[in-house]
Structures are given as structure tokens and as C-alpha cells.
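Per-chain numbering from 1; labels A, B and C assigned in written order.
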Amino acid sequence: MAGASQTSRLAKAGLFAGLALLIAAPFIGLYPVFVMTALCYAIFACAFNLLLGYTGLLSFGHAAYFATAAYATGWLVRSAGLPPELGVLAGVGLAALVGLVVGLIAIRRQGIYFAMTTLALAQMVYFVFLQAPFTGGEDGLQGVPRGKLLGTVPLASEAHGKLFGVLPVPDDIVMYFVVLAVFVAVFLFVRRIVHSPYGQVLKALRENEPRAISLGYDVDRYKLLAFVLSTALAGLGGSLKTLVLGFATLSDAHWSLSGEVVLMTLLGGMGTFAGPVLGAFTIIGLQNMLADRVGEWVTVIIGVIFVVCVVAFRRGFVGELLAWQQRRAHYTAGQPVSRKEGP
Amino acid sequence: MMLKKLVPTATLAAAAVFGMVPAAQAQVSGDVIKIGFITDLSGLYADIDGPAGAEAIRMAIADLGGSVAGKKIELLVADHQNKPDVAAAKAREWFDTQGVDMLIGGTNSGTALAVAKVAQEKKKPYLAVGAATSALTNEQCSPYTVHYAYDTTALAKGTGNAVVKAGGKSWYFLTADYAFGSQLQNDTTAVVKAAGGTVVGSVRHPLSASDFSSFLLQAQSSKAQILGLANAGGDTINSIKAANEFGITKTMKLAGLLMFINDVHSLGLKATQGMYLTDSWYWNRDAETRAWSRKFFEKIKRMPSSLQAGDYSAALQYLNAVKATGTDDADKVLAQMKKTKINDVFAKGGYIRDDGRMVHDMYLMQVKSPDKSTEPWDYYNVVETFKGDAAWTTKAESKCALWK
Amino acid sequence: MEIFGLPLQAFLGQLLLGLVNGSFYAMLSLGLAVIFGLLGIVNFAHGALYMVGAYVAWFSLEKFGINYWFALILAPLVVGAIGVVIERTLLRHLYRIDPIYGLLLTFGLALIAEGLFRREFGVSGQSYPVPELLQGATDLGFMILPNYRAWVVFASLAVCLGTWFTIERTRLGATLRAGTENPALVQAFGINVPLMVMLTYAAGAGLAALAGVLAAPVIQVNPLMGSNLIIVVFAVVVIGGMGSILGSILTGIGLGLVEGLTKVFYPEASSIVVFVIMAIVLMVRPAGLFGKEA
């Protein structure tokens, strides 16, 4: 259909533009540490979206997996002397394990009950981190070095010269491109999953679970796998964040972060690829930009965005953009506009 | 046709950039001396340091005429909300993008340790005023950290010894569950045991706890003579209030291991009279401190705490060092500071030791009874003065590699 | 005398304090259960409404000298009115779609409330004095109990029982329950169901505010008091059975007692014990202890 291929060409153009911007970012004056942090949360949001947007499961305690990997990587790299790539792998593995345990307990419940169960179990994880001595409790796990990737590439902040003698190269440039590479890999991986046969089954589950069951699919197994994948990727975001900023703290496990990742996905557009990324950048950007100038208003603004999104903007940035494109395509092709309600 | 497709694409890209707008290009502070101040502006420590601490720093800047060595002085203030990640991220961002030359540290030891690490990585001076943990100059000492006003060792040696000598032999601790609380409990335990006392037990409470009743009940059932409050600010105030409410004070005496004049003001002399406390400064100490404090009072309508006086002094000494060396280069300024004696309204004959500790007199004080207080904020009697090194960690006790 | 190696005093003291906490849990989870059981909305704003109720009491005392006893009536009315506004303008649109959105909306509202109050009052909180009639403490032998805390237990139990009775045993309650199970049919009888729904939400909000006023003299009136409690209260409601009024009352009190016990033996675990219980209950009896299967 003309509309669909137009939309997908537009989408591809948009994605390439975004990637180009991210590659150029450190050279055009954007603070690399900020962009890296936003990319870590974007990975977190993409992971969350896999579960919410594509499988239809709302996990309201997703911060637990982000934090598990963040603390694990932090401790392993700082105190056990592991190289960064092994630390990250271990963090992701641990997050997936916690995800498996939570999934096994929660997966049989539906809708709201599922969300509440994941929330309560995440709270348990929070309190474990609060009490455990190795996390440093309220003080956080500090002083995590970035180490050398694969034993050769130093990731730490160090001064570099100028590119082509003109463009100033920021200190964190090596780490930046590592994080960007991982982000792109995660993004493509999520796309791959969604477009695979497995992804189709997930979509079927989301649309009409009883039907899927009647067709003979073991829905619990499919949901559990999606859950574990999502928690593993969420953990990846957490591990990277620890390496970027050098610490892991209780804020990573707090339920307000769980709420924020829901907002990032909702705001950007559930069930779209670029949506969570945009949502993450917007929220992190807002927090960064406003914290200095307006202090407590940040919480209020986040709350207002929540309310507005739920009441009037359910499809999020990218969702609205795609819907608008489709309406335009239908108009120009002389067909009546189809009204689609939100997910 | 391509153009029509590019417009929405560009909108998408613009939206992404909008989220990144705040990050500005890295500045080099060629022409401006930038001082950064990160503290608890709105939480349980807001009164003892907080916005008034920023005012004190502004007073120091004003006293030097707003510029030094031909460069303007600028102050940046941020609220860390008692979260180490917020403090560390802000410190890093300020060093990377705002060209901040040095940081003055506010309250909360957890944030202080985090910021000290960032300052060490970026090789910039960090003058910790509000934080208490002695770890800043001990296990975690760094050539860039100066611990300015007080620390948990001094508090323990001061109040701990005084209370044991007054007959309080068995102790139970109510401890704030983070770096500061545990360090204070550890340091005081060592002092109590060395003085012949015993520690019967302890219980930890979350920072900014709202209800101390169950913790106090546990304390009471321990049958110890002394309830050592290893917490500060709002937590101390609430613990003392609750202890009175539940009649704990009938069977145990309270030892406030870290108390500031704002806490006494909040609780009133009736509830706090007779309590011992160790502090680095008192507004009513002599004519010079009184004069400066009156100036502070005009602006803030409260008498300054020792932390606010410390903020003033730290800023003043740093700026004087910049004036003397004519540069804002961190190593040169720190070297200058370390070889200059500190003589201002905060301390007389103070100096910075190799481990980063600013050595000066500490005071053991006792809260007056209501009938002895002659004017508002006249709350303390100075019982004993610990001169010079007396209150601080000794070389033998220190684990700092820089001080051997 | 010792129980499990601990003095009886410590034991009874913590249990009694646990009972006081349990009364708060019961009252708050009651409001939540009413709203979820009758309206199907997961009201994340419940903690914020509780907090606003406490602030209304404090504010009316500070500015207008309205004392505690009037505040007990004023705060629920004010917050109930806020509840009416929320229901009419925002929640009403969400009944037909996925309940997740109701949760997210009320979550957003809670953030707005918390942010606004933090902006205005800071985080340290304001103190609210114990009303004169209830000041002082009674020496029970094993501990000294402030009289106010005893009052809290009695007041919350009375309110809880009253609410349960109204919903389960009176005609009004029956109409309410019918209206949410089959609104069209009940409306056909001439009963204004939308009005009923609105008033139900307002009543739930009012209960939260009442809990806030009761709490004001015990803990500092501060913007975070709601968010500190809300997750625990949700766990209580889930354990009790999400639609069951009786379930949340009994679970709330029970949890307070269990927490008190935990504080005697293993204090660090007292914050986790509710979630452990919740996980176990969900595995064994997914609908909750008193719930009907969803």
C-alpha cells in the first residue's frame, strides 16, 4: 500500500537522521556524559517497551533489573577487578536471573494484578539493596572505574587533541562511541525480535490472548521469555550507566524510576521503535535542564506530562506522528480516514 | 516530494535535540573564578547549612569586593537532595561544562564522599565544610580534599569523653543509616570503650525518618544509661521530641553527638538543657564573632551555625590564596592554602595538614538552662577548649597514605 | 519475664506500636479497596490525598486557628471535593479503556501534588501539635504510651467498622455494589449511577484525608508522607484481596502487628516483611486472602 511504504521510508529517514545526530553530538558541543546517560536510559526504555508495547504486559517495577545490573557491574568492576565487558555481561546475566524469578511468580496473573505483583517484588529488591553492605546503602556504590575494554581500549576520561586540527575532541569520546554502539545494537536487536515469528506471536498475545491459547500456543512460556529478555536489556542499560557515571545508587532501584520509564515509553509512543528513545531523551533532558532553574517543578512537570499523555496523548510522539502520516496517506489516496483508538 | 518527507523527519530530529539543549559547550574559566556549592537546600539539613550557607559564601565574596586577581568571582549553587548520585553528577557536569574552579561541600557525608571522588578525578579542590565523616581525611583522603570545619573523630572525642566522665558508662546508639551515622557510631564507640565505658547495642534508622517510636522502644529495653544520637539535623530534633513523648528521658540520658545551634533553637532550652555538644564555632564566643554574626543576622534573621561560618571562611581563604598566587590553577592554590595559617572570624591559628584536615580549636559546650540565657540564641556555656591537634585523628590512628 | 529470650516489655511495646501503625494501614487500604472494589480504579493518588488531608489540617490551624476536632471534619470534606473534581474531569474518561491508564493517571496526579507541596513547604515538614484533650501519656507498666496513639487506634477502628457496615450491610451499600457490577441495570431503576460513582471516589478520598489528619500529630506533616506509605498500602490491599473491604481492614491491622513483631527479632526485615507475605499469598491464593477471583 502506498501509505505504508511511504511511512516506512519516512521512518527510516528519521532513524538515520537521529543516528547521524548522535554520531555528531560530541563534536557539535553537546555534553557527552549527558548524552551517554540518556542513551543508557533509552536502552532501558526500549527494553521496557518490548514488554509493554509489543507484549502488552505492564511491569511496574522494572527499575529493579536496571539496579541489579548496575550494582552487580559496579561491584564486580570496582572491588573484584573485573574488566568492563565481563562486568557488564555479569550484570546483564544477574538482571535476567532476577527477571526469571519475578516472572515465574508474576506471569500467571493478568493486567493490574501482574503490575502490582511486579511492583511489590521490585520493592523487595529495593530493600535488599538498602540493607546489603556491599551496595553502600544510602551512600551508593562509588568510585567505579571504567577500565580497559577487552584489556586494550582505555575508556576513562582523558584529554585528546583536535580532530583534523579543528574540532575539539571531548575527554569521554571513547566511552561515548562504545555506549552508542551498544545502543544501536540493542535497538536493532529489539527490531529483529519484533519482526521475527516470535514477535508475531507476542503481538497475537497482546491483541487476543484467549485466541492465542485456543490456537495451541503456550502463552505463559512466550510471555516469560519476553519478560526475561526485557529485564536482561534493562540490566544492560543499568550496567552501562554505572560505567559512564562511576556509581550505582538507590535511586536506580526506587519505584519512581519504574514510573519514569513507563512515562518515557508512553510519551515517546508505545509499540514504536523510536518512541522510547525520544521519550528517554526528553525526560532526562527535562530533568537536567530544569533541575537547576526550577527545582521542585520538575516533579510537577513530569506529573503533568503523565496526566496529559493518559488523557489526550496516548499514542505518544512517534505514535501520533505515524497516525498523522497514515491519515494523510489515506486522504491523498481518496479513502476515508480510519479512526483508530489508542493501544 | 523528498522535501515533504524531510519536514516531519526534521521535526523528529529537532525534538531529540530539544531534549539535549541544556548541555552546553565546555567552557574554560579563563576570566571568571567560579565557586560551586552543593548542599541540602530543602531537606532535613537545610537549616544548619542550606541556602544560608550560600549567603555566607556571598558575604565572603562581597568582603573581597566581588573580584580577585583581576577576575570576577561567581557562585553556583545546587541542591543535592541528600542523594550522592545527584551531587556527583552535578559536580562532574560543573567541572566539565561550566569551568567551575573549586567546590565547597555542604552537608551529608555520603554526598561528600562521592563529590570528593569526582574532584580527585578532575584534579580540582574540594573544601568539605558541612559533612562530618572522618573518612574524608582518613581512608578516603585525597590531595584535593580539605576537610574544613569538623569531623566525627572530634565529635566523638569531645562529647563522648565528656559524657563518660560525667557518669554515663553504658551506651545505646540510635544511628542514621548511612556513612555519617555509622562513622560517628564507630568513632564514639572507640572513645567510650577507651574511657572505660560499654556499648550495649544499637539500632539504625532510615535518613529523614518520620517516626522514631519503635527505635526508641528498643533503646529503652536495652537498659543502657545513655542514648547516643548518631544523627543530625531534623532527625536529631525528631528523636529528642519522641524521646520526651515516650518518657525515654525518665530512664536514659540523651547524648546528641552532633548538634547545631539551630537544633537547640528548634527544640527550646527546656528540652535540651544540660546536654553536651562539641562544635567548631559559636557566634557568641568573642567580640569578632559577635560582630560578624550580627551582619549575618541582618540578612538571614537567624544566628549563623558553625557550618555557615565555615562556608564563609573556606571561601575567604580560597579566594585569598588565589589572590596571593595570581592564578586559579588548582595545585598552586592548594599549595598556597596549605602553607598559610588561617586567621579569620572562624578559626585562629588554623592550618591544613597533609591529610587534608584543617586543624583548629574545637569547643566542648553545654546547653544553658532557660533562666541563665540572657538573650535569644544565647544557648551555650563553653566548658572546655580543645586546642590545635587535640580533637583530631592522630598520625598513629590515621590510615591516610598522604600523611606519614 | 521473657518470650523467646526477649523481655516481655519489648515485645508488648512493639506490638502495641505495631497496632497503631496497623490502624493507619487499615484506614488507608480501606479507602483504596473501596475505590478499586467499586470503581475498578487503582488510585495511586491515594497517598497524595492522605498528605493533602494532613496539610489541610495544618494550614487551617496555622492560618485560621481551626482546631483538630473541626479539622477531622473539614479535611475530608475539602479533599472529598478535590476527589469530585478529579473524577469528573479526568477519571470519567478512562473507565472504558484499559485500567492501566487509570493507574498511570493517578500516578501522575500524585507526582503533581507531591511536587507542588515540596515546592511550597520543603521536605522537612511542619509539626502539628497534639490536641489538648489527648496530650500526655499513660504508664502501662511495660511502656509509656502517649494517649494520642491510643485514640488513633480507636478512631480508625471505628471508622473502618463504620465503613464496612455501610457498604456490606446497608441498602445504600447494596445499591453501590449493584451499581458497579451492572450500571446499566441499576440506572434503569432510576438511580443516578454516575453521581454515585463520583461520590464513591470522593468518599474514598475523604477516608484518605481523615487518615492524614489522624496522622498529623504523630509524624511530621511533610510532602513525602504519602509516597512513603503508598506502596505498602497497595501491598496490603493486594494481600487482603483487591475488592474486599473486610480483607483490607484485617490485613492492615495484621500487617501492623507482624511488622511490630519483626522489629523485635529482626528489625532490618520489618520493611520487607509485607512484600514477602504478598509474594507468598499471591502464589498460594492469587486473589488475596479474602478476595473474589478476578
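In this section, a contact is a pair of C-beta atoms (placed from the backbone, for glycine too) under 8 Å apart; a residue touches a chain by one contact, two chains touch by 3 or more.
These numbers come from a predicted model, not from an experiment.
Judged by the touch criterion defined above, the protein chains are all mutually in contact, each touching every other.
Judged by contacting C-beta pairs, the busier of the interfaces B-C and A-B is A-B.
Distance from the chain A centre to the chain C centre is 34 Å, each centre being the mean of its Cα atoms.
Our note on geometry: chain B versus chain C, Cα centroid distance of 38 Å, whole angstroms.
Between the CA-based centres of chain A and chain B the separation comes to 37 Å, rounded to the whole angstrom.
Each of residues 42 in chain B touches at least two other chains. Listed for chain A are residues 295-296, each touching two or more other chains. Residue positions of chain C touching 2 or more other chains, listed in rising order: 118, 268.
Interface residues of chain A facing chain B in the complex, by the touch rule stated above, are 6, 9-10, 13-14, 17-18, 21, 25, 29-31, 33-35, 37-38, 136-140, 142-143, 157, 168, 170-171, 245-247, 249, 251, 274, 277-278, 281-282, 284-286, 288-289, 291-292, 295-296, 317-318, 321, 325. Interface residues of chain C facing chain A in the complex, by the touch rule stated above, are 42, 90, 93-94, 97-101, 103-105, 107-116, 118-119, 231, 234-235, 238, 242, 268, 271-272, 275-276, 278-279, 282-283, 286, 294. By the touch criterion given at the top, residues 5-6, 8-13, 15-26, 41-42, 78-79, 82-86, 88-89, 92-93, 96-97, 109-110, 113-114, 117-118, 121, 177-179, 207 of chain B touch chain A in their complex. Every residue of chain C that touches chain B in the complex is listed here, in rising order: 6-7, 9-10, 13-14, 17-18, 118, 122-125, 137, 139, 143-144, 146, 218-220, 222, 224-225, 228, 260, 263-264, 267-268. Across the interface of their complex, chain C is touched by residues 58, 60, 105-106, 108-113, 115-117, 119-121, 123-124, 127-128, 130-131, 255, 259, 262, 266, 295-307, 309-311, 314, 341-342 of chain A.
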